[in-house]
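Shared between the two complexes below is chain A, which has chain B as its partner in the first and chain C in the second.
Presenting the complex of A and B:
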């Protein structure tokens, strides 16, 4: 599949100057004054604001569906919705379908007209002073990584809506075949990645370390390969229990020694594979099967250990937090972590909300991931000894914390004072992290 | 010394240094270390050998015994010959990866510099630590002398890596008495050891290698409804390899003897059993004092002998039965206890051997040498007396505690 390129329009900063329409008219008719020939129309939207009638090159375009003649097609290579003059029967059904008013009948030329992105170099974007118009390659991750082989077996038995399965597939596509994967006991081997009864779950070497010794086993393996002169990526796909609780000693030791390991922690805030028990990564107030809610106890009584911050304090070669909602950010960090793991210890902490254990509908995983970040419940940042801490997503305008907590069943019982404590903790943690910014 | 054997360099050193020298001659790829009394000087020697370049190995200074063995398992799965050493509480902390190693069929040698276990708090020698892991699937060989430590470490690799065995080997030597006892020791030439061990082949059966991708240790047993057969086959194979190891250990000792001229009994040593009426069964460094006592008593006309156990796991039932069949009564000197049986662990093994082979004789349990206590010739003489009394029907109801009043 090729690239999906499209124009973007930001109404909040559009000045309504019309330069784009003139540039388009000139490009399409040779005459900048022929506004009727412009395939972009900036129109007043009241209150000194503007809107754009502009083709978004939809992925599942209604105009294409409506066209009975096959004159409109989604170009698999460029992503542009192409119009073919020879096939068009001028029925105008396409204009009925478009919600953006961006394919319309032009009486001056006698047929419908729409944006063709000027062959990938749109004239309108070049003249836009405000920056309201942009030209982007969408689905770049899909295009960059979609071709790469999925190295896990199809049909892993993760729960419906599992974020971790999605992410481990992304990780291994990027890391490739020259890898040894450690999957300590938990959801990741539980879904079948290592395999059952002689059947493998991955196309690469993979093993169950103990819950306690993931980093140590990989360290010995990696040092042996380096001794043999072989560059093999040592990759851990661990959960928060195996990283922040019982496996912490080996993790800390490996980080201190700067072992050349890429350690990924999928933080679903507990022992979800074992039945949703609390770990030290479980957030305050959470219901889990070992921090139940009753008359005497109302969920977890302590705050979550902030493992990525602890790993930063080891001065590891690379430490970052990431979310599956911000995939470009995730991939950029994965690339950096992979590179850093050739020279030192790289730690990537992935927030992995768990529909089964946290009690929210499986269809809302990505929404919960997004709210988690946008409410500052977690923050996205990266650290290297050279740069210090850098936030990779702004934290200054968070959505209300309640919008996040209310989306998740494990917080349903929270009293206001518990919510207030979480708020205070998040503010304190953010302030602490900010002190690591140089 | 046979015509094939070559003399080595003779030096004076203690057991920990002898173990380190033996390890270096076996050319491990990765050595992971963590200090603990009375093992520490062993890994200090090894670290020095690596620092000086005398031993070309990767040295991993990890943060605890749990990670020591874990790192070495990872290394072995990438094809490395590995080594470590530990004692008492260190072995206890290592337990989780320790019990896994034989099931992974990863060959290695690890020295247990034996020490009594907590509590009472104690840093002195005793066999309790090694005895607590006797049913974990590791091969256990106990050394009597400093020379035997060096030789057994090297032989340990040959046994562990034998393609029909593929199991880890503990070469055990007594904390304090052997770890720090300084004696004469002959160091074989590197070429002799290289030729003896041959090429390494550590992970032909289970590898974590992108060039040979496989899942290592996926879930087995009843998961997925496949039934327990695969799990049972793994266990059975491991147990059979353990049993077969007795043959290989004997072969390897014979091969070593032919090359070096040093004959160590591979399984059980029969000492002056000809015409003996009673014998004491020993393990480790106490054997020297037992033999001296035996010699003295023999000189006085008393018909006594010593049965030294070298290979304790797998237990050499046939060799033991051969030795036992030559006497009328026996006493077992354990340097540890079996809490469940109110006797020593090796006493239980001896009783089982008698039961399995249909031999009947009085079999006494002695518990001595705990917490670094010395088992002297005088102690052994009293033990012989007790066994003679038992032979004539005076059997004590429980174990005899050798150092209770020392």
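Presenting the complex of A and C:
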């Protein structure tokens, strides 16, 4: 059994308009006015707030366990709890099992009824104006890519909670075996990807260039393959230090020449595997071992270089930012970047919060990734010379920046004026990015 | 001799829920599921529908052979448990089969309890607890014209309805003054009785059978009731003779703690054979209803496999749904079948013309029980409100006016 798609309901933004119930009633009975036929029930909760009775398609569904007729079954392929009208005897014992009022009997309907997600295309979600109802299909990504071969060795020695390891495994699953990987010094080779104890860390050709020459070595290899008539993906898995500091010259040159490379930068805002030193990508105010907090210094004094913006200014074939929280967005961008790298230079910037270096619990990496995006600390967008910049996540209703800064130890010392400066910087940067939208 | 890690005796809801819970954690260790029946697992609750023809006997299986194969479960049919030696980990079945186990779940259910009526041994009668009973009753109905049903519980009333719908003349004899005592009060019962009487079923309340002769029952008031078919539905009780000499403690059922453990370390019991704590009253009892069997089976299975997610059984709550002649009745919790108890607050809405009834009982702003006839409720939500002892003071008026919508609102909130 894999992961399943699911309907979601966000009570805090539901307007109670009832469109979902009309759409459901229409889909199930042909008559939008038959609210009794709706399998999603929005109930008023007072103060203009609403709640919902909606089938969770439980993993260990009690309605199924309580059914004496075998009429209810958990569908192992879709995850939906299926109801079989032929077998149902209308004993209503399923309604005893459900704690959410989601499989119900209405005498006007004549049998029990529950949500079947309209076969994976729920009518209610399509008409939801507020966005309170959602249909999360991310599960299919894990199911599909879970079947692909993991091209890194098991047991890489990344720190607990590191999402870079997760993401490089995803990337190679998608890119496949026909690849040559450059992994310059940084956390990614540090965790053993290029090899350890005389064993290879990856099941594909992988090499360890100098920090300074990653993009130029990879470009040379790619050109050699092209001369041989071989279509091999040239992939760099670099850190922010290797990309934006010493490796920047070769990166900028390769982008300017339009080398057919896919360059992935995992941005953990510093040199984390060598002792958490600051890089040019380290954000303002961050504690690092080279920007300490003391009497004179209160963390990093300069703003981070925004490398994805810089790469956009190279007019590369494809430039995008992505986060491991929004995997559908990430895979869409990876596909586009892969395609673009066949004709030109593609650059993908992945935000990689570091529990060890940033000081937050290893269990919270994904939450930090989410807060980072939802507070507009970073924004998700993509750029091509043809389309200009397109935001791929809305930026108009950010969560308070403080909710993000407070989650991370490296910002614990920040004074209000430092927070204000970060706010101003983020606003200015967003305004600047918006000017690239056509 | 076969041996296994987990032996589950009984393949209805409790046994199946336990097998599922075990396989959730331990997909491989040998698991034997033994049934005294010759059929694939089925629910006793489906039997009235087999009798009526609404369910086909061959389509009532709750699990398939393919399922057992996929889950590496050995399903034994026609295995009647004879005795247990828990110390040696041995279960002895009829026909000389023995199975060695590490852990044992007894989910052997209940058997019809027969009243001591003079002459019972001389007449042919039916009970309705197994698939073979159901098929036998169905066949017998074809040649019969007059049916007599003893007992107006769920099985008796279901079967009486089926026989009336099949065109037979049906009488029910019930010592109490109403249908479904324990689940509904006399007012709710009166709505159900109307439907029964409307379909020509003769309800003889407050009476019992004094003696039986072939073809005739003599009631305690002297009346003769002739019959071609006699169904005895006067309740069920666990049949536990296999425990003689086992050292496992029993009372009305097998005594278990809140994790379904018996007094012996490797033996669990669940479902209709187990005597469990009660949620709404002191002491223990045999719950004997499907949702409780599911709960207990799952808890027992989790215990057998040392699942850290196991939560203790909070205690049995009386729960039932009852469909009759296309109408619906629901009964949840306590305080709804008799007079109001002191300290409780009751809302009663009874509309004889519309054939609707609703009774809600609260104590200290917490739900105690709810019963309805032709009034839609979400019994699963009401069960949760009772178990969680949810304080309803903020929404009390709304809840009493519209328990269905308000219940949904509360559970949507409580879930987050």
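Basically, the second predicted complex is superposed on the first by the 316 of 438 C-alpha atoms of A that agree within 3 Å, B and C clash if a C-alpha of one lies under 4 Å from a C-alpha of the other, contacts with A are read in each partner's own complex, and residues count from 1 in each chain.
The rule is simple: a residue touches a chain if its C-beta (ideal position, glycine included) is under 8 Å from a C-beta of that chain, and two chains touch if they have at least 3 such contacts.
Nothing here was measured: the structure is a model prediction, and the numbers come from that model.
Engineer: Quick one: is A:298 in contact with chain B, with chain C, with both, or with neither? Answer first, second, both or neither.
Structural biologist: Neither partner.
Engineer: Looking at chain A, which partner touches more of its residues: chain C or chain B?
Structural biologist: B
Engineer: Counting only touches as set out at the top, which of chain B and chain C does A:107 meet: first, second, both, neither?
Structural biologist: Once the two structures are laid over each other on A, A:107 reaches chain C alone.
Engineer: After superposition on the shared chain, which partner residues are touched by A:189: those of chain B (first), chain C (second), both, or neither?
Structural biologist: first
Engineer: Identify the partner contact of A:180: answer first if only chain B is touched, second if only chain C is, both if each is, neither if none is.
Structural biologist: Touch partner of A:180: chain B, not chain C.
Engineer: Looking at A:41, would you say it contacts chain B, chain C, both, or neither? Reply first, second, both or neither.
Structural biologist: Touch status of A:41: second partner only.
Engineer: In the overlaid three-chain picture, which partner chain does A:91 touch, first (chain B) or second (chain C), both, or neither?
Structural biologist: In the superposed model, A:91 contacts chain C only, not chain B.
Engineer: Which of the two partners, first being chain B and second being chain C, lies in contact with A:62: first, second, both, or neither?
Structural biologist: second
Engineer: Enumerate the contact residues on chain C facing chain A in the complex.
Structural biologist: Touching chain A: residues 13, 16-17, 20, 24, 42-46, 49, 54-55, 59-62, 290-291, 294, 298, 319-321, 323, 328, 330, 332, 374, 376, 378-381, 383-384, 404-409, 411-413, 415-416 of chain C.
Engineer: Using the touch rule from the top, collect the residues of chain B that touch chain A in their complex.
Structural biologist: Interface residues on the chain B side: 29-30, 32, 58, 60-64, 66-67, 70-80, 82, 96-97, 100, 207-210, 212-221, 223-224, 226, 230.
Engineer: List the residues on chain A that touch chain C in their complex, please.
Structural biologist: Residues in contact with chain C: 11, 41, 43-45, 51-53, 60, 62, 65-66, 68-70, 86-87, 89-93, 95-101, 104-107.
Engineer: Of all residues in chain A, which touch chain B in the complex?
Structural biologist: Those in contact with chain B are residues 177-180, 189, 194-210, 212-213, 215-225, 227-228, 232, 249-250, 252-253, 256-257.
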